[in-house]
Amino acid sequence: MPKIAIVQAGTVLYDKAATLAKVKKYVDEAAENGAELVLFPEVFIGGYPKWNNFGITMGTRTPEGRKEFKRYFENAIEEHGEESKVLEALAGQQNIHIVIGVVEREAGTLYCSVFFYSPEGYLGKHRKLLPTALERCVWGQGDGSTMPVFDTKVGNIGSAICWENYMPLYRMSLYNKEIQIYLAPTVDDRDVWLSTMRTIALEGRCFVVSACQFLKSSAYPSDHALRKEHGDDTILIRGGSCAVDPLGGVLVEPDFSQETIRYTEFDLSDIALGKMDLDVVGHYSRPDVFQLNVNEKPMSTVTRN
Amino acid sequence: MPKIAIVQAGTVLYDKAATLAKVKKYVDEAAENGAELVLFPEVFIGGYPKWNNFGITMGTRTPEGRKEFKRYFENAIEEHGEESKVLEALAGQQNIHIVIGVVEREAGTLYCSVFFYSPEGYLGKHRKLLPTALERCVWGQGDGSTMPVFDTKVGNIGSAICWENYMPLYRMSLYNKEIQIYLAPTVDDRDVWLSTMRTIALEGRCFVVSACQFLKSSAYPSDHALRKEHGDDTILIRGGSCAVDPLGGVLVEPDFSQETIRYTEFDLSDIALGKMDLDVVGHYSRPDVFQLNVNEKPMSTVTRN
Amino acid sequence: MPKIAIVQAGTVLYDKAATLAKVKKYVDEAAENGAELVLFPEVFIGGYPKWNNFGITMGTRTPEGRKEFKRYFENAIEEHGEESKVLEALAGQQNIHIVIGVVEREAGTLYCSVFFYSPEGYLGKHRKLLPTALERCVWGQGDGSTMPVFDTKVGNIGSAICWENYMPLYRMSLYNKEIQIYLAPTVDDRDVWLSTMRTIALEGRCFVVSACQFLKSSAYPSDHALRKEHGDDTILIRGGSCAVDPLGGVLVEPDFSQETIRYTEFDLSDIALGKMDLDVVGHYSRPDVFQLNVNEKPMSTVTRN
Amino acid sequence: MPKIAIVQAGTVLYDKAATLAKVKKYVDEAAENGAELVLFPEVFIGGYPKWNNFGITMGTRTPEGRKEFKRYFENAIEEHGEESKVLEALAGQQNIHIVIGVVEREAGTLYCSVFFYSPEGYLGKHRKLLPTALERCVWGQGDGSTMPVFDTKVGNIGSAICWENYMPLYRMSLYNKEIQIYLAPTVDDRDVWLSTMRTIALEGRCFVVSACQFLKSSAYPSDHALRKEHGDDTILIRGGSCAVDPLGGVLVEPDFSQETIRYTEFDLSDIALGKMDLDVVGHYSRPDVFQLNVNEKPMSTVTRN
Amino acid sequence: MPKIAIVQAGTVLYDKAATLAKVKKYVDEAAENGAELVLFPEVFIGGYPKWNNFGITMGTRTPEGRKEFKRYFENAIEEHGEESKVLEALAGQQNIHIVIGVVEREAGTLYCSVFFYSPEGYLGKHRKLLPTALERCVWGQGDGSTMPVFDTKVGNIGSAICWENYMPLYRMSLYNKEIQIYLAPTVDDRDVWLSTMRTIALEGRCFVVSACQFLKSSAYPSDHALRKEHGDDTILIRGGSCAVDPLGGVLVEPDFSQETIRYTEFDLSDIALGKMDLDVVGHYSRPDVFQLNVNEKPMSTVTRN
Amino acid sequence: MPKIAIVQAGTVLYDKAATLAKVKKYVDEAAENGAELVLFPEVFIGGYPKWNNFGITMGTRTPEGRKEFKRYFENAIEEHGEESKVLEALAGQQNIHIVIGVVEREAGTLYCSVFFYSPEGYLGKHRKLLPTALERCVWGQGDGSTMPVFDTKVGNIGSAICWENYMPLYRMSLYNKEIQIYLAPTVDDRDVWLSTMRTIALEGRCFVVSACQFLKSSAYPSDHALRKEHGDDTILIRGGSCAVDPLGGVLVEPDFSQETIRYTEFDLSDIALGKMDLDVVGHYSRPDVFQLNVNEKPMSTVTRN
């Protein structure tokens, strides 16, 4: 009966240290409440600078936009960097699993990633395969080598970030790896998100847990143009975190009003209740008609030997 | 701006003639109301004998169950049989497209199929790829050769029947064929069905139209055990037909109270509104990571030459 | 509800005229009793010279054996020969279907064939694909061009002769053609024959009707060595004709004691009772695993154009 | 002269440990009596919950039925799981071959499998290709990659489970692999089963050994609804295990009265007696007319590289 | 029991009239002796100018050789010419079949042909397909349109001329047409010819009748160089005509000493004695391995329409 | 100038070891006499149980006959079996080619085969395409995949077994492969065999070498019924081995009196002497009229992938 904490909160934009402190606060709270895993939203570290356009229009990038990007770039973290070690230590200290959205920097490119930590240490990461719309101007694309499902004490866990949840083939690859707890960090706060989460739970016969940021304009630094324009209390991302069981039943209803931490607890063996009549990678598949091949090799345009 | 009629009604069980009369009534009504396409629910002809178990438990089939099956078998129709010709004529007379769920019989096996008719004649069929639960005891499986998307005056149409809607790879094959109007005949009357339809509309950036049966126990013949047990007014399938636009907006809300015919009208060019930021078979795909091969060859265990 | 007459009788060996008279007698009797189809055993015309060895041992054929063969050869009939026209006329006069085993002669080779006649005329033939044991020294092999299932007023009929019934792939080809009444003319009078017939009925979900010869040594001409040796009353083939329904139920029990004509009557629509849970060419097949290709082209080592 | 023990017994339903103890008891007894191979019936481990319907009717699955399924799911075993290792050890200790029907679990789907063990270790498995009737709601389908015939010290062994014995093409694939001892674990206790076994022995010219469960209602847990309804002594599966030689002779007659272990012993070289006049994959085949291709590649709807 | 006359005689070279008179003489004699068919040797009319070389060496043709050819050319006959009508009349008058080798002229080319006449008239012809050695300098090649087997009162008759008897595929085409009396007009007088005739009889299970010329140097005109050189009594072709039954038994032994007419009589139904164990176009063929296609269309390099 | 040894000897029936010893004896003798190739008769290993009928008459096989067959079956050898390895070694040790008739066993069927060994190892085999008369009850049919002509140091060698020599199309396939030494192992001891061999040599313009068994009744085990009946000295097969040159000249005359080994030596370049005026696969063919297609694909009614 794993207990999972869902953090619905927002980044302190362009302030890595403050954001890390916020992570620690929520991890501690979750651990105190007995959670075995705590899920943070998409790019909680690094941030989702909502309404920002980085000075980009068709054919133009402004010098100011470039400076904004530089600031964003500098607040990203590296896979084996200092901040990652802090998170690893925290998971160990609190004996908890931490799954957290981050802006990952590798060389000159940023990625929208999820880092996984167990009490025993860093497990690995998932990089978003396809950024959406303007995200394509700030994040690169992941590849097939970072699509893990980890077999942990809590259960088999993996993640799909934001609109990756609308990629049927990526979901299939997760189901095929026997995902039990499907983690969906996001910044999508539409009403319809819950519908999507319920459908994925039904389709995959797994538990689905989604953490969305709750972000107000005050998250921007006080000198930031957007904060100046919108004041401190405009809600940029309104939350909507939720959890669903394998038969589509809602375990945690969305809350669109506040930063919060929510808990859910369930019995993984109930997955069998749903697999009875639907198993899209087992008895409900048609390998004679549909053959999905997943390429998990790392892709880099330059390799050396 | 195709106008589509959604028939939410029930089969007259084990009475093919009466069911055909009902089909005619609804087609006439839809045509009079200016619809260009009328969608009937899953197995409207042939019927969905809800709550029936055909005398089947683990290891046993009763003689009574076999007789029930024989009755069911005899109320199925053939692709080029007499009833199909009646439907073809009807579509021509009323200048309308008819898309209808049927129990199809070929040799000794039944299939859960959808037959498509345009005003110009019979277009073809889709056979359900994977029956669900007890359906597996009465229907065979379709193959990759009957997964059409037809380019009609109304738009590109195709169908997914009931829980086929939970088959990500089948949906991908329909998106890949540029489906515009995704037709989902069903007998699934759960609340969560609408969530699923909205998610598919969002994922596929297409219009989704679903027709569910509304079936009362009086649909069974008066001498039938289930009718005797449940009386005439027990609701076996409660409807919930709906329509959704490519951004997940609900065009027709479910009605769980009655037999009814509902209409929806939309502009196919609005699909572009959604394709801007999501096209899972185009800019939002990762062919370097995911390769789905679809086998559309007919499969028969015996071939002759 | 076709009514079928099963003739359990024996050839007048080497006396084609007397044998034809016997055919006429049984056809007349069957017709008077209301049968719509009359089935005769394997090689009823031409005969099965049981216990004969045609003077053949490893490496030798005696002149006497060759003369016996010549006699046998001359008592065979041709597809469109005089005797076939007599049978055709008989079927028309008595308004009955005749299915009869014959020794067929084409050029220099004999075949163990079944000729089919409807009241409207000659329908076609089946040639045994593989003679058994010594039969291989007197009969050639048929090919894929004579494996018909005829759609008649009585039902879909086809035949498998004697040990062809042990050829799984031939049976599959008949099931695939939607055989309803599986006719098995034979001279196999073992106890276990009924087991085989029941198994085929179960496997194919069809009605199986088998006619076996009842042959005494007096069937040989009075001057024949085997008759001299065994007298007139030795039973060479003891019958065992039978009929089975699609669930393996025995409709006509074997009679091993006499020449006789037996009748069976059944409802073809009961095939559906069995197809419910087994249809080896439909829902109970695995075309993704097993692909049987049947070559129905006529095969002649010399063709002309 | 291999000696084979045929266990006619029943599962302790939903009690894996007790069932394993029962397996051990019979293996020990068989080994003490000199058997070189012991055959258990279909799904002896995991069980065949006869008369159960898992709460399934057309269009419905009840929560109770799902719970029953979960219980069933948890009593299944995995190919390389703990229970399999126990069986492997047992075969080694007793220097015996164990061939046993099991409910196999892989990820979210169950399969009706047969596991093969030699004294040297685990040999492999066969998964039922096509579950029958309600079985289709609880078991998935095997594919062509698990249709082995093993060349063992006892002889060439393979298996066909229950109604797979009515699949002509599967049987052909076994004959083609030179099966000598055809093992048919089953729960089919009809009278006609013996006819089927005799026909297969005749057709395949092999020894056929069939083990059927003997199961009483007391096999259900004491709190189970079916046990409450039927008491302890209702016979759910009545046995009928048997053995047949290649000419169709019955070596072990069915016993429909009790749990029992039966023995048979035979000389494999007697297969030649039957091959003399029938070899459906050799001299009695027509490769020019019938071409059966068997696809033995594993089929999974998702593959990774 | 057809009776056949075999004429072993020689042409009167370059004297068509005298040769025709000789034909008449032998036809009359044969008819008087009760023959139903009379066979003449290869090119009996037109002649086989043995030892002649028509002035041909590699690279040279002499004017004298050309004149010799002209003389030969003028002694050839046409299919529907005067001489043919004479033969036709003769066959009618004597109520006999005449099969005779002739040099046939069509336009500018000569052919080595066999003309067939029945009492009812001219039946048709066979043209040698491949002249041998120097024959290639005086005769053209026949094609597939003149390879008849005629169904006559005497039996099915056809012919192969001289070394055509060594063409396996031509022989197959004759067997395939159910030839019963295989006629082999020749000028081959080697000892080994009888071996060849016996082998063909055995292979084709037919009666073989061969007529060879008996030709002395006196057959040349008295002014001819060869006659001057060799005198009158040098034997150019020594005969060796023979007849064989379908089991290879010699009916007429060769006579190498004289001009003669020989008779043979046999029972066509004895062909069955041989077909029992060999029928190379029936039970002893392998159409799955060997496919012989025979093109019987006339071939002319220029056609008009 | 290849020197060839022709073994005219008989099998020790049902005694594989003694027969192998006999093979060794003759191979050694042939090698000592300088032969480069030694030819054994048809089924020298496995044997030709002349006059035996395996208890077969029309419609019956006796248990004794089946036992005889089993004995025969057990004395057959496999292509890559132990005995074949012995022969391979022998060919290497004696630096000789061995071409030997064997009864080959594959799975449940026997074949009449010829195995070819060079000093370098096993070359391959030819399986008789069509057994004759009673042979059809004990041997299966070969297919087009085993009709080799091997290019060896001795020349191009291939074989036709017994009455395959009467199959014109098979002979054509050998000529087409440029056979030079046509090997005809046989048990046909008729006078007419030499005629056939001469005709084939003439037709194919190749050297023909035929080895026939010399078999006395003492070849049967002492307890065998045929030996008891016929004593020890009855001649069952009387030999008649021979060799012929490409112009039909007899190189080795038949000897019908004894077991013996005969030698022949010839110059392969003499084939040109005969090809000058006859080449049935070259200048003496008519490809515009006759098209022979040879299917050399292996034929198995079951294939796997």
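Residue numbering begins at 1 within each chain, and the chains themselves are lettered A, B, C, D, E and F in the order written.
One rule holds in what follows: contacts are C-beta pairs under 8 Å (C-beta built on N, C-alpha and C of every residue); 3 or more make two chains touch, one makes a residue touch a chain.
Just so we're on the same page, UniProt names per chain: A, B, C, D, E, F = CN hydrolase domain-containing protein.
Bear in mind the structure is a predicted one, so any value in this text is a computation, not a measurement.
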Moving step by step through touching chains, the smallest count that connects subunit B to subunit D is 1
Farthest chain from subunit E, going by the mean of C-alpha atoms per chain? A
When subunit C touches subunit D, do the two copies use mostly the same residue numbers, with over half shared, or different ones? same
Just give me the whole-number Å value for how far the CA centre of subunit B lies from that of subunit F. 67
For subunit B versus subunit C, what separation do you get between their C-alpha means, in angstrom? 47
Rounded to the nearest Å, the gap between Cα centres of subunit C and subunit F is 38
Note the residues in subunit C that touch 2 or more other chains, in rising order. 54, 61, 133, 137-138, 141, 143, 169, 172-173, 277, 280, 285-288, 290-295, 299, 301
Listed in rising order, subunit B residues that touch subunit D in their complex are 48-54, 56-61, 133-138, 169, 187, 236-237, 301
Of all residues in subunit B, those that touch subunit A in their complex: 129-130, 132-133, 141, 143-144, 147, 163, 166-173, 190, 192, 194-196, 198-200, 202-203, 248, 276-278, 280, 284-286, 288-296, 299
So, in the complex, the side of subunit D touching subunit A is made of residues 54, 61, 63, 65-67, 69-70, 73-74, 106-109, 137-141, 143, 299-305
Subunit D - residues contacting subunit F, complex: 172-173, 175-176, 178, 205, 269-277, 279-283, 285-288, 290-297
